[in-house]
C-alpha cells in the first residue's frame, strides 16, 4: 500500500568539486540535483511510494535538467512550474579528515524564492494526498515561501492530510529576508503531526531552554515541551550524531511520542564516509516509510536510521536505496560482493 | 615599451557543458574564467603589457578562484575588491553545425552589479595608466555600474588617459535595470578615443539610421556620424563576420578614422571553430596592442583580426596568444607541427 | 494539439569510445540510451507530444537506468515491463574523415528479443493512441518480436490508429533468427499509413527492381510499386544522403504520396558532423510531427529534414531539439551565439 | 626458476561505475579486463613466471582489447582463439561502508561458453607445462566448458602436470545450464593437487557436513574429508575473511596438507579497501608462486595472504605486485612514500 | 606471407593536453606511447607482420608502461632492454585552425640516448629478419645512437636484410650532440634499399641543391642524385602535403625508383584532422607492407598514402588500421556507419 | 604584520596517476605544481605573508605553467628566471593500505639544477626580507645548487635575515652529483636559526650517533649536539610520525630550543589520508607562521602540526589552508558540513 506523498520545497543544483578538492582547485564541477524536500521525494519514490513535488524552477535549461532528474527517479513533477528568477545552486567542496565540507549557497533571487505564495492552489495540490512533507529551509528563503509553506500546512491539516516537518534550521539562509524565524517556525510546528527536530530546534522555536545530563534527556525534555505547545504534534524524531572526524561518525536516532514513548536506537559506526549530504533527508524518508508501512515506532526509527547510514555511502544528494538494501543494513549482514 | 592598461568590468565564471553537449546532458561542467574586459586584460598581459583589473567579486571561494586565474595570467588584481553579492556566472552549451551555442547568463545580484559607484577612487586607480578599457556590458548591469563606468571614462579623459570602449550591446543584459541604453552609452562614447562598434551599435546610440549598399558602406557612414557626435572619438573599429554555419565563418575587420582613413582587411576563412567566445575581446586587445606598438592603423587592424582568428582555436574565454603566434597567422604560414 | 503516440521497440544502451578513439583504446565507455523507436519517442516528446514506449527490459540496474533516461525526457514508460534476458547493448566507435564509425551490436538474448509476443495486450496499449510507430529493427530480432510487431500493426489498423513504419533494414540483425525478411516486412508495410523507406527497402520487400536515371526516379518508381502492393500506404518518405567523407555529407529528403505528390527538398551541407547516429529517427519524428501539426507535406518533409540535420550536431542517440530550433535551421539563420 | 603455468578460463571485461557510484548514476563506465583464471595468469606473470592463457573470445574489437590487455601484462595468449558468441562482460558498482558492491554478470552466450570442448587440444596445450590452473567458474558456464575443464585436468594428471583448482563456487552462474554442480566439481577435485576451497565448498562437493567450534576446525575437518575422497589432492588452502563493513575486513589464511600439516596465518586488518575484486585470485597466485619457489608451506601461505592484502589496494581485477612489494607487506614495513 | 621486420629507435611517452587545449591549460595530460620507429612497428604488426623492436628504456614504471603498450599491440619486445637514464618524453598541444600543434621534446639523458652502441648484438638481433627499419631521429639523439644505427644498417646490408630508412630530419634534435648531420645521414642512406625522403632531405645529405618548376620535379631530380650517390638505394618515397590550415590538408605521395619509375598518386583532401602525429610513420609502414605483399610500386604507394590518410583520423601515435580499412580508403567507399 | 619571506628551491610538476592507480595503469596523468620550498611559499602566502620565490625554470610552456600556478596563489615570482635545461618533474602513484606511494623523480638536467650559482644576486634578492627558507633538497641536486644555497644562507645571516632550513634528506637525490652530503649540509645548518630535522638528520650531519629510550629522547639529545655545533641555531623542530598503514598514521611534533625548551604535542590520528605529499612543508610553514605571529613556541608548534594534519586532507602538494581552518583543527571542532 504505497502512499501519496507531496513534498514542497526548492529544487537545487549542486555543483561539486571533484573528489576531495577545494572548490575550483581544478576547473571542473560535478553536478547533482538536490534540495531537502526533493531528496525526501526521491527516497520515498525509490521505496515505492507515489511522491509528488511542488516547486518552481526557471524556464531555462537548468530548470529543465533539474526537473528531468526528479522525473527520472519516478517523482511526479506535474506540479513543478516555471517562474521568473534564477535556478537555485549550491557549490560543495567535500572535506576529509579534519577539514570540513563546505557548502556555498547561491540561491538568491531563485525562481522558487521569488514565486508568489498565492500561486499555489493547495487544496488541488493536496487532493488525494496521504502526507505533506515540508522543511524549515523553505520558510527561510523569503516571505513568499514562508507564507506558502504555512498555507500548505494549514490546508493539509484541514484536509486531513498528515503533515511532516523537518526543522532543518540554517541561520545563514534566514538572512535572505527580514524574518523572525521562531514566529514562522511555530506556525509550521503547529500543523505538524511529525517533526524532525532536536532540542536545539525546539529551544529556538519555543524560546525556552532545556536541561538534562545527556543529549537524550534534553531531547526528551524539549519534546515534552513541544507536545505541550503544539497539540497536533505526535512524534519528535531526530538523529544523534557524534563526529570523530569529517569522515568518521557515530550515528544513532531517537523518537519521542506524545503518548510517552521514547525510542533510542543503538549507534552505527560510520567510517570512510562517501557523502554526508542528504543523510538527514534519507533518515526522514526512512522514518516516514516505516510509519507508513505499519512498522512499530521503534522499527520505523531503526529503518530510518539504516536508510541514513546507507546514504552516507552514496554520492549525490539522493538516496537510491531500496527496502532490501536498508533491511540488510538493519541486519548488519551482506558486506561481501553481491554476485 | 609596454603600456599600463586598466580594464574595468565584471569577472565571470563560465560553466560549460563538455564538448558539444547540451547543458547538463551529462552531469558535469567545465569551468573557465572570463568577462569581456578581463579577456582584454589577459590578452594584453600575454602580449607583454602591464594590465590591471578593476572589479568586485564576492568574498568566497568562487571570487578567490576567479581572481586567482587572472593573477595566474599576469594581470594585476590589486584593485579587485570583495563586496556583498554573488559571483557572476554564465552557463554555456557550445553548439555545432546548425545548432547555435547558447549562453545562459546568471549574473543577477552579483557583487560587481551591487557595488556602489562611489566605491571606486578613479583618480587613484588610473594614476599612471596609458589606457582605460571599458565595454558596454558594464553599464548594462545596473545603475551603479553604469555610473561607475561613466565616472571612470570621465576621470580618464581628464587625466589624459586614453579611453577604449567596446560597444558589446546585449539587449538581455540591459533588462537588469530601468535603463535607457542610448542615454548611457552616449556618455561613454563621448569620452572614448577608440570605439569597437559597427553601424548597428552607432545607430542605437545616436538614434539614427544609416544606409549603404554594403555593410562596409553603412559602417563608414555610421562612423562619420559618430565622429560628428563625439569630438574625442578618433577611431571606430569592428570585425565583419559572415556565418555559414555555427563553426564555419568568414572574418574580416574594418577601421574608420576621424582623419578620413578607411581600412578593410581581407577575410579569413574559419572552419572547425573551437571556441567563438571571447574572439571580439581578442580582436580589441590585438588592435589596442597594435596601436600601442606604433603599428600603422592598417597593420594594427590586421594584427587584431589575426588575434581574433587565433582565439577561435583556443578553448576558454582567454586568448593566450603571443606576438609570434599572431604574426604567423598574419603571414599565413606555420600550419605544420612545431617540434 | 499534441498527439498520443505509441512507440514499440527495443531500448538499448550505447557504450561508446570517447571522442574519435577506437573501442577500448582507452579504458572508458560513455553511455547513452537509444534504440530506433525510443529515439523517435524522445524526439516527439521534446516536440510536445504524449509519447509512450512499449518495450521489455531486464529487471536489473541496466534496465532501470535505460527506462529512467526515457522517463527523464518525458516519455511515458508505464508500458515498459521487465522480463528474463539481457539488456540490449551496442558498442560504438565514432569514426572521422575516411574512417567509418563502427557499431558492434550486442543484443543477443535480450529481454526484449526473448519476450513472448503474446505478452503484449495491444488493444489496451493502443487505446486512445493517434499513432503507432514501429521499425524494421524489431522484427529482425526474433520470431517473437516479429510476431509482436505484426500484431501491433494489425490491432492499430483495426482500431483506427495510424501506423508509421521505418524500414531500417539491417541485414546483420536479421541473422538472429531463421527469418524470411521480405515475408515479415510485407506484413508490416501492409498495415502502414506512412513508411520511411527508399527504393532499396522496397525492392527487398517486393522482390522487384526499379530503374531510373537518378536516385529520385528510382525512389518514385519504387514508391509507386509500393502503393500498388499496399493499399493502406499513403506516403513513402526518405532522406537522400551523399557522403563525401565520414563527417561531411549532403542531406536532402523526398516524399512520394499515393495521390501523386512528389516532394524533394533542397540539400543541406553537413560538415564537422558530431553524431550521425539517430539522425534517421530524428527525421522520422520530425516528419510525423509536421504531419500531425497540419503542415503541408512539403513543409513536414522540410521540418523532418531540418530535425535530422540538427541531430547531426547533438551527441547521443536522442534529438533534444525543440520546434524553435528546428525552424531556425529551416530559416537558415541564427548561427551566432545566443545570449 | 620460473614455471610454465597454463590457465584456462573465460576472459571478461569489467564495466564499472566510477568511484562509489551506482551503476549508470553518471553515464560512464570504466573498463578493466578480468576473469578469475586470467587474474591468476597476470599475477604469476608479474612474479616472473611464464603464464599462458587458454581461452576463446569473439572476433571483434572487444575480444581484441581483452586479449591485448593480457598480452600487455606479459601473458602468452597464443592459445586464446576466436569463436562465435559474445564477449563476456560484467558490470560492477563498487560499494562502501554498509552498501555491498554489486556484480551484474552478462556472460550469456559468450564465445567462451559456446566453444566446443572438443576444440581444445590439451596434450598440445599442456606440453611443457609445470602447472594447470582452473577454477569452478569455468564448469559453471555450460556443459561444454565443464567438459573442457575436466578434460584439461585429466590430461594434465596423465601428463604429470600439477593441477591447481580454485573452487570459486557461485550459485548464480551454475544456473546457465542444466547442471549438477557436485558431480562436475568432484571430477575436478579428483585431479587437483592443490585446491583453493573452504569447508563450504567441500561440503557442497562431498554432500557432507562438517562440524567444529571454529571456522578453522571446520575447515580442517572438511580438508581431511577431501583428502579421503580425492587421493591426488595434497593441499587445501583458503583465506579466512571477517567483514566489519564493506571496506573494513580482517583477512587471514589457512592451509591443510595431506601429510597432517595445518598452517594458520595471523590476520591482517584491511581498512579503506580500494578494490576487493580479484583478491582471491591474487591469493591463489601468491600461494602457487610460493610453492613453486621452494618456500615452506607456511611461508607460501603467508606470501599468498600478503599478495591478497596488497591486491585490496589496487584498482582493477589484476594484481600488479612484484615480489619485493609482497615481501614488504609480509615484513609490515615500508608504509611511507618511496622516493 | 608476413615478414619479419626489425625496428630500431627510441620509445617515447607522449603527454598531451586534452582536446585543443594549450599545455597545462587544465591540469591533466593524456598519455600515448609513440616514437617514429615504434609507430612503424605497431602499424606493421596490425597488418599481420612479425614486427620486433630493438630499444632501451629505463628500469622503472614508465619504461614498463611503454614496453607494455607495444607488447599489447603484438610487437615483439624481447630486444627492448633496460638501461640507465630517463624515459624519453614529449609534450603535445594539438593545435587547430590557424594555431599549429606544438611538440615539446623532453628526451635529454634518455636511457635510449645514453645506451652504448656496443650494447647491440646486431647479427643476433637481425637473424632471420627480412627488413630493418630505421629513421633519422635515432642518429640525431647522440653519438652512441648514431653509431648504433649505422652499425645496424651495415650488419643488415651484409646479412642480406633489406634496409628501410626514414629521413625524418628534425634540426632541434640534432642539437643534442656535437654532430655533423650530413656525414651521419649519408652513412645510413648508403645502406638503405628504400628511403622515405623528399628533395630537402636529399639536398641536406648530399650538400647539393635541386631545381625544378614543381615539387615533383625537384623530388625526382633529387632522387636521381641520390641514386647516383647511393648505389644500394632502390626507391625514394615521400608524401606531398599542402596545408590550408592546421586541420585541412591535401595529401599525395610520390615514389621514384632507380629503374626510372616515377609514381605520383592523386591527392586526398583531409578536413577535420584528428591527429597528424605519426602519419608519416603510417605512410612508411603502408608502403613497406605494400612492397612486401607483392603489390606494384604504384599500388604500394597508394596503399601507404591511404594508410597515412586514415591515421589522420586516429588519436594517438599508432595506426591501428587493418588491411580492409585501408583498402576502403583506397576505394573511396564506406563512409557510413558500419553496423 | 605579515612577513617578507623568500623561498629558494626547484619548482616541480607532479604528474600523478589518478586515484590509487599504478603509474600509467590508465593513460592519464593529473598535474600539480610542487617543490618543497614552493610548497612553503604557497602555504605562507595563504596565511597572509608576502612570500617570494627564487628559482629557475625552462623557457617553455611547462615553465610558464609552473610559475603561473605559484602566481595564482599569490607568491611573488619576479625572481623566478628562465634558463637552459628541462622542467623538473616527478611522477607519483598514490598508494593505499599496505602499498606505499611511489615517487619517481625525473629532475636530471633541470633548468634549476643547471643554473649557475653565480647567477643569483642574493643581496638584492634578500633585500627587505625577514626570513629565508631553504631545504636539503636544493643542495642535493648539484654542485651549483649547493653553492647557491650556501651563498644564500650566508648572505642572509650577514644581512640579518632569519634562516629557516628544512633538512629533507633524500639519499637518491644526492646521487645526482659527486657530493659529500654532511659537508654541504653542515654549512647550511651553520647559518640556520631554525632547522626542521630529527635525530637521523642531525646524526648524518654531525657524523655522530644519539641514544635514548624513545624517539623523543634521541631527538632532544641530537638537538643538544646540534646547538653545540651550530651557534646560530635556536630551534630544532620535527614531526613524529607513526604509520600503521599507508593511509593511517599518528602525527605529533616536537621542538627543542637552545634555551632548554622541549615541547611535545599530543598526537593526531590521521585515517583515510588523502595526500601525504607536502605535509612536512605545511608543517614548516605553519611553525614559521606561528613564530612570526608572536605565538609561544608551544603554540607555534601546535599550529604547525595542525597545518600538517590538515594538509593530509588536501589533494596536491600545496596547502591552501587559512588560519581559521588550522585553528579549527587545533580546537578539534567543526567536523560537520559548513553551510
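For clarity, chains are labelled A, B, C, D, E and F in written order, and residue numbers in each chain start from 1.
By definition in this document, a residue touches a chain if its C-beta (ideal position, glycine included) is under 8 Å from a C-beta of that chain, and two chains touch if they have at least 3 such contacts.
Here the structure is a predicted model, which is why all the values come from computation and not from measurement.
Asks: Where the contacts of chain E and chain F overlap, which chains show up?
Replies: A, B, C, D
Asks: With centres defined as the mean of C-alpha atoms, identify the chain lying farthest from chain F.
Replies: C
Asks: Taking the mean of the C-alpha atoms as each chain's centre, how many Å separate chain D from chain F?
Replies: So the centroids are 45 Å from each other.
Asks: Where in chain B do residues touch two or more of the other chains?
Replies: 22, 26-28, 30, 102, 271-272
Asks: If each chain is a dot and touching chains are joined, what shape do you get: line, ring, star, complete or other?
Replies: Topology of touching chains reads as complete, every chain touching all others.
Asks: Taking the complex as given, what residues does chain C use to touch chain A?
Replies: Listed in rising order, the residues are 68-69, 71-74.
Asks: Once bound in the complex, which stretches of chain C touch chain D?
Replies: Answer in residue numbers: 13, 15, 22-24, 27-32, 60-62, 65, 86-87, 91, 93, 102, 104, 106, 108-109.
Asks: Of all residues in chain C, which touch chain F in the complex?
Replies: Interface residues on the chain C side: 26-28.
Asks: Quick check: in the complex, which residue numbers of chain F touch chain A?
Replies: For chain F paired with chain A, touching residues are 30, 268, 270-274, 306, 309-310, 312-316, 320-321, 325, 328-329, 334-339.
Asks: Using the touch rule from the top, collect the residues of chain B that touch chain C in their complex.
Replies: Residues 19-22, 25-26, 95-103, 105, 170, 172, 241, 243-248, 271-272, 276-277 of chain B touch chain C in their complex.
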